[in-house]
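Across the two complexes that follow, chain A remains constant while its partner is chain B and subsequently chain C.
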Partner chain A sequence: MTQQNSMTDVSLEGNRVPTSMTQIGIITKYEMRNYFRSRRFFILLGLGLAIEALLTFLVYHDGGSSGFVNGLQFYSTWWGDSATYIVIFSAIFFGGDAISGEFQNKTGYFLVGNPIRRASIYIGKWFAAVAASLIIIGIATAICLVNGIYYFGTSVPSQFGESLIFTLVYLIAALGLTFMFSCTFKSSSFSILVSVILLLFGFTVIEDLLDVFVHIEPWFLLSYGSQIIGNILMATYPAHTTTGLGFGGRHGAPITITMFNATVLEGLAIMLLYFVVTAVLGLVLFERKEFN
Partner chain B sequence: MSQIPAFSSIIEASDVVKQYGTVTALSGLNLKVTRGEIYGLLGPNGAGKSTLIKIINGLIEPTSGTVRVLGYDPNANPVEVKSSIGYVSENSTLYESLSPRDFFEFVASVRKIDTKLANERVARLATAFGLNEYYDSPIATLSMGTKQKVSIIASLMHEPPLLLLDEPLNGLDAKSSRILKDLISFHTEKNRGAVLFSTHIMEVAEHICTRIGIIYQGKIVAEGSLDELRQAASGRQGGAATLEEVFLKLTHEEEEIAETVRTLREAFFTTN
Partner chain C sequence: MPSHSLEAVNLSKNYGSFTALDNLNLKIEGSKCVGFLGPNGAGKTTTLKLFTDMILATKGSALINGVPVHQNKKTALSHCGSLIETPEIYPSFSPREALMMISEIRGIPPSERKKRLEEAIAEVKMEEWIDKKVGKFSKGMKQRVDIASAILSEPEIVILDEPTTGLDPRGAAEVRDIVKSLKKKDRLIFMSSHLLPEVSEVCDEVAMIDHGKLLVYDTLENVTSRFSGDGSSNSVEVGFSRPIDDTKMISSLQGVLSVERMDSRNLRIKFQGGLKNQENILANLAAMRIGMISFRASVSALEDSYLNLIKDTL
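What follows is the complex of A and B.
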């Protein structure tokens, strides 16, 4: 307390509040309890299990290990393609309306009416979203690993471990972004819709347009940074490549497409920067938001 | 509760203005509530009652003016202020997936109430409000009145010096309403705390409030005990016997109502 009580000499009775860390822990605990009793967690869990079950069936149906040159290619096909979608869906399901839901459902009147710092609410909810997402990602990883070990033995390529770490970095960045949208709008459906559009289509479409028409390296797009999840699993890490498509351009100029590929360091930097910027912005927005 | 000097101010609001875009919800409102008072806030819909309560609780910031709760600015020291307030919101929704038990545990943990003490208090209040049979049911399955009871118990658990009750009787049955009214009275006995509550129910305000403020178009237009308000109203055309009559006179709604009723009568009951 920094302000001298000029009006009275009373103290604030009952003014005992947990530390910020304890507050964060309490919010995380109850948010997790809320997830485990809600349909969305089990819907996403079911979705994740369905994707992994389908992959298991398809690989088995196509002859198991015979379809792959080596273990690295197996993990690249299995994990590299599906990991980003699992992260995107987790970020949308657990972050898309984490804060806006408090406004739309009016539960925030109760929550913010308690002596909890808004930062503790934000961070606690964020941790809960990370924890719930990690359960989904953990199950997907386990299924992938069991298949990999079944077909190629216990010598799991080190790149898979790196890819897993990049996936987790992508998760915190994507959740930072969806939390920020969740603090921007007071409508759950609006914040979820914006998250879906950007993470599922928007970033990819912008990236493709930049590759084809402008030839600018899209270093400012989260999806560009997240490419390293799949790229690290390739036999040779891909570099920027320019492909000619003939002479159909203006005044007979050649048409080219440049495929940009972020290096590991660039990818990590982009994702971490996204997390830091969106986390700070989201927190500032939430601190300023009024429950009117 | 600790030793508290009598009649110290709990709420002081000076020249509070709140604007939502071009709409002015509060226009230079002044209010002082002292320890031991049950202050009833009466006003027509949209007069600014809920806005004032939200500003006092730090849910929204005033556009200008100052508010102090026990000497603290709710926006500069939100945690300190909220730890001293028990709040029942007019339109709060509780977490539907939790049970009342989970909910009270949550409140006890964020307010750092000793578990044993919290359990004892909740047990007493739950019994009084007839909540025991719903204790482990998901809040989603409870009736509106039962949810309101959960909200009321949560606001009383930490025995706060200030109770902010925004239409607390909404949905409550007669027995629970009576219990709440008695609890409000106990709360201010021996100047332990203060209560600020808004209500549309004139009889409640008339019977339990030590002071009543009539809020109209974002300002307190009259304030005092029921007798003082009667006197203030009798200065205007004719006397006023009940709080409802006082209220209608002071908010200039009596003439408007008479005109509306006359118009309706002409439209619906004179077609012979």
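What follows is the complex of A and C.
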């Protein structure tokens, strides 16, 4: 006999289909199990460890603490430069084909015909990607901290904590974006390629072109928002600056470059907006995508 | 006990200008096996995908037990297990892990999961492979795990899209046995297939579709009696435990038009009239005590019906 139960979405003889929240947890659990057995997780882990090992060696080789004015500069150099790349690679590795792979490899057919909302599959996979990325970021953070504490003691600057939080916000935004791309295409390689081009080069190139030629603040670019990860670690938070490069412009006008720097609030707003918009678009795309 | 049902109401699906499914109205209910027949591109898989919310209807609704699948997927599919095409499973998973995931998603009680999982795996004869990685499996082995997944939660309704595709003859026979055992458990099975002997063997009813339109939906007997040959005759295939040398007695039975020897122990009997005559012939053959061990609608009759109804292959 079929019964409705307020605790669950559906219940019937013997089986009681769990709530969507529980199903999200189930998908996350099994997706993580899949990640931990996948080559790509260990490749990214190896890549992260290699970057951190290289930084450890370079800092040691350059005289350790003597190469930096203070601890803040150490964290700025180390974390400010490497954190965004770790996030970008995590987003590409874990989000680039998270959904498109389900279509291309036909693994989606195994799940979608079951009593589970597509949104639960999407969110569950997204949580798993966040969790897997957090492991990589966590290891990178630990190595950075161990080096920082070794050279500059246990008084870790508070800006490092803030930068870490911004890194996590950047991670959820970047994963939102790559998940959306993976919903847009049915080919894994294509969705990964688009993610790589945009996150690694595209945003930065557009940002530079805007700085040099148009002098428009690139508030609509995710990379612009993510600048706050490194900027917060600077001794003085950078403002917009315009630099002259001589008189080589049209009719002898001076050539200038304007370096825009998002404030912390602007940066957070850009990243959170990216996350919300791409998450909504990704969910809508996945809901409407057909398995054919 | 509530009746299980699958219903398509004005169900249509277009891909651009191509109409894959054209205003399908079909209701199947009860405990039976319904074969879904049609040529390539007729709209069979499209229909089954609409019933499992894998694609979106252009118009109309697919209902499971009266519940619209797209609008209320969790409720509708909680009663339904399915196998559409050959789904892939994460290569790093074992069948046990893959089925455990499905059992959790479907809400099989934790205390029963292990038992049901092992029963489903035993049903598809994959016990030896239950803890091996799926990545090393052949297509046929994956198909078996997929079938186990479809029946794992003991659903009232099972939708199967060409379930024996990719299986060797033994595997195909085992799948047919699974379908037969599901029928005994009062399940409603909706199964697409290109294999007419398979449909003849396991299905009670058939629905034929072509160019996205339903041509006929009726019992196997009615379809074959209406559409095979000139429409005035029917065929049954009768098996015997011993060779039948003299068929004169059978030929003389009322309504029998001809008796064709398929081999020494199997005859194809062509007769006129409908189910009543078929029933009489069966009763008379049993009364003759000549070792009859099987009696079923002729595959060739279904093939005739199919060929009469479906003129094109594309």
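Heads up, the rule we're going with is that the second predicted complex is superposed on the first by the 277 of 292 C-alpha atoms of A that agree within 3 Å, B and C clash if a C-alpha of one lies under 4 Å from a C-alpha of the other, contacts with A are read in each partner's own complex, and residues count from 1 in each chain.
Just so it is clear, a residue touches a chain if its C-beta (ideal position, glycine included) is under 8 Å from a C-beta of that chain, and two chains touch if they have at least 3 such contacts.
Keep in mind that this is a model prediction, so the values were computed, not measured.
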### Query
After lining up the shared chain so the two structures overlap, which partner does A:69 touch, if you call chain B first and chain C second: first, second, both or neither?
neither
### Message
A:106 in the overlay: touching chain B, chain C, both, or neither? Say first, second, both or neither.
### Response
both
### Task
Give one of first, second, both or neither to describe whether A:253 is in contact with chain B, with chain C, with both, or with none.
neither
### Task
Tell me which partner A:265 touches in the superposition: chain B (first), chain C (second), both or neither.
neither
### Task
Determine, under the contact definition given at the top, whether A:16 touches first (chain B), second (chain C), both, or neither.
both
### Message
With both complexes superposed on chain A, which partner does A:114 reach: first (chain B), second (chain C), both or neither?
### Response
both
### Overlap of the chain B and chain C footprints on chain A, listed as residue numbers
1-2, 8-12, 14-18, 23, 26, 30, 33-34, 37-38, 105-107, 109-110, 112-117, 290-292
### Summary
Residue positions on chain C within touch of chain A in the complex are 2, 15, 46, 49, 52-56, 65, 73-79, 82-90, 92-93, 97-98, 101-102, 104-109, 112, 146, 149, 153-154
### Message
Give the list of chain A residues in touch with chain B in this complex.
### Response
1-18, 23, 26, 30, 33-34, 37-38, 105-107, 109-110, 112-117, 290-292
### Message
Which stretch or stretches of chain B touch chain A in the complex?
### Response
1-2, 4-5, 8-9, 12, 20, 51, 54, 57, 59-61, 68, 70-73, 76-85, 87, 89, 91-95, 97-98, 102, 106-107, 109-112, 138, 151, 154, 158-161
### Message
So in the complex, the part of chain A that touches chain C is made up of which residues?
### Response
1-2, 8-12, 14-18, 20, 23, 26-27, 30, 33-34, 37-38, 105-117, 288, 290-292
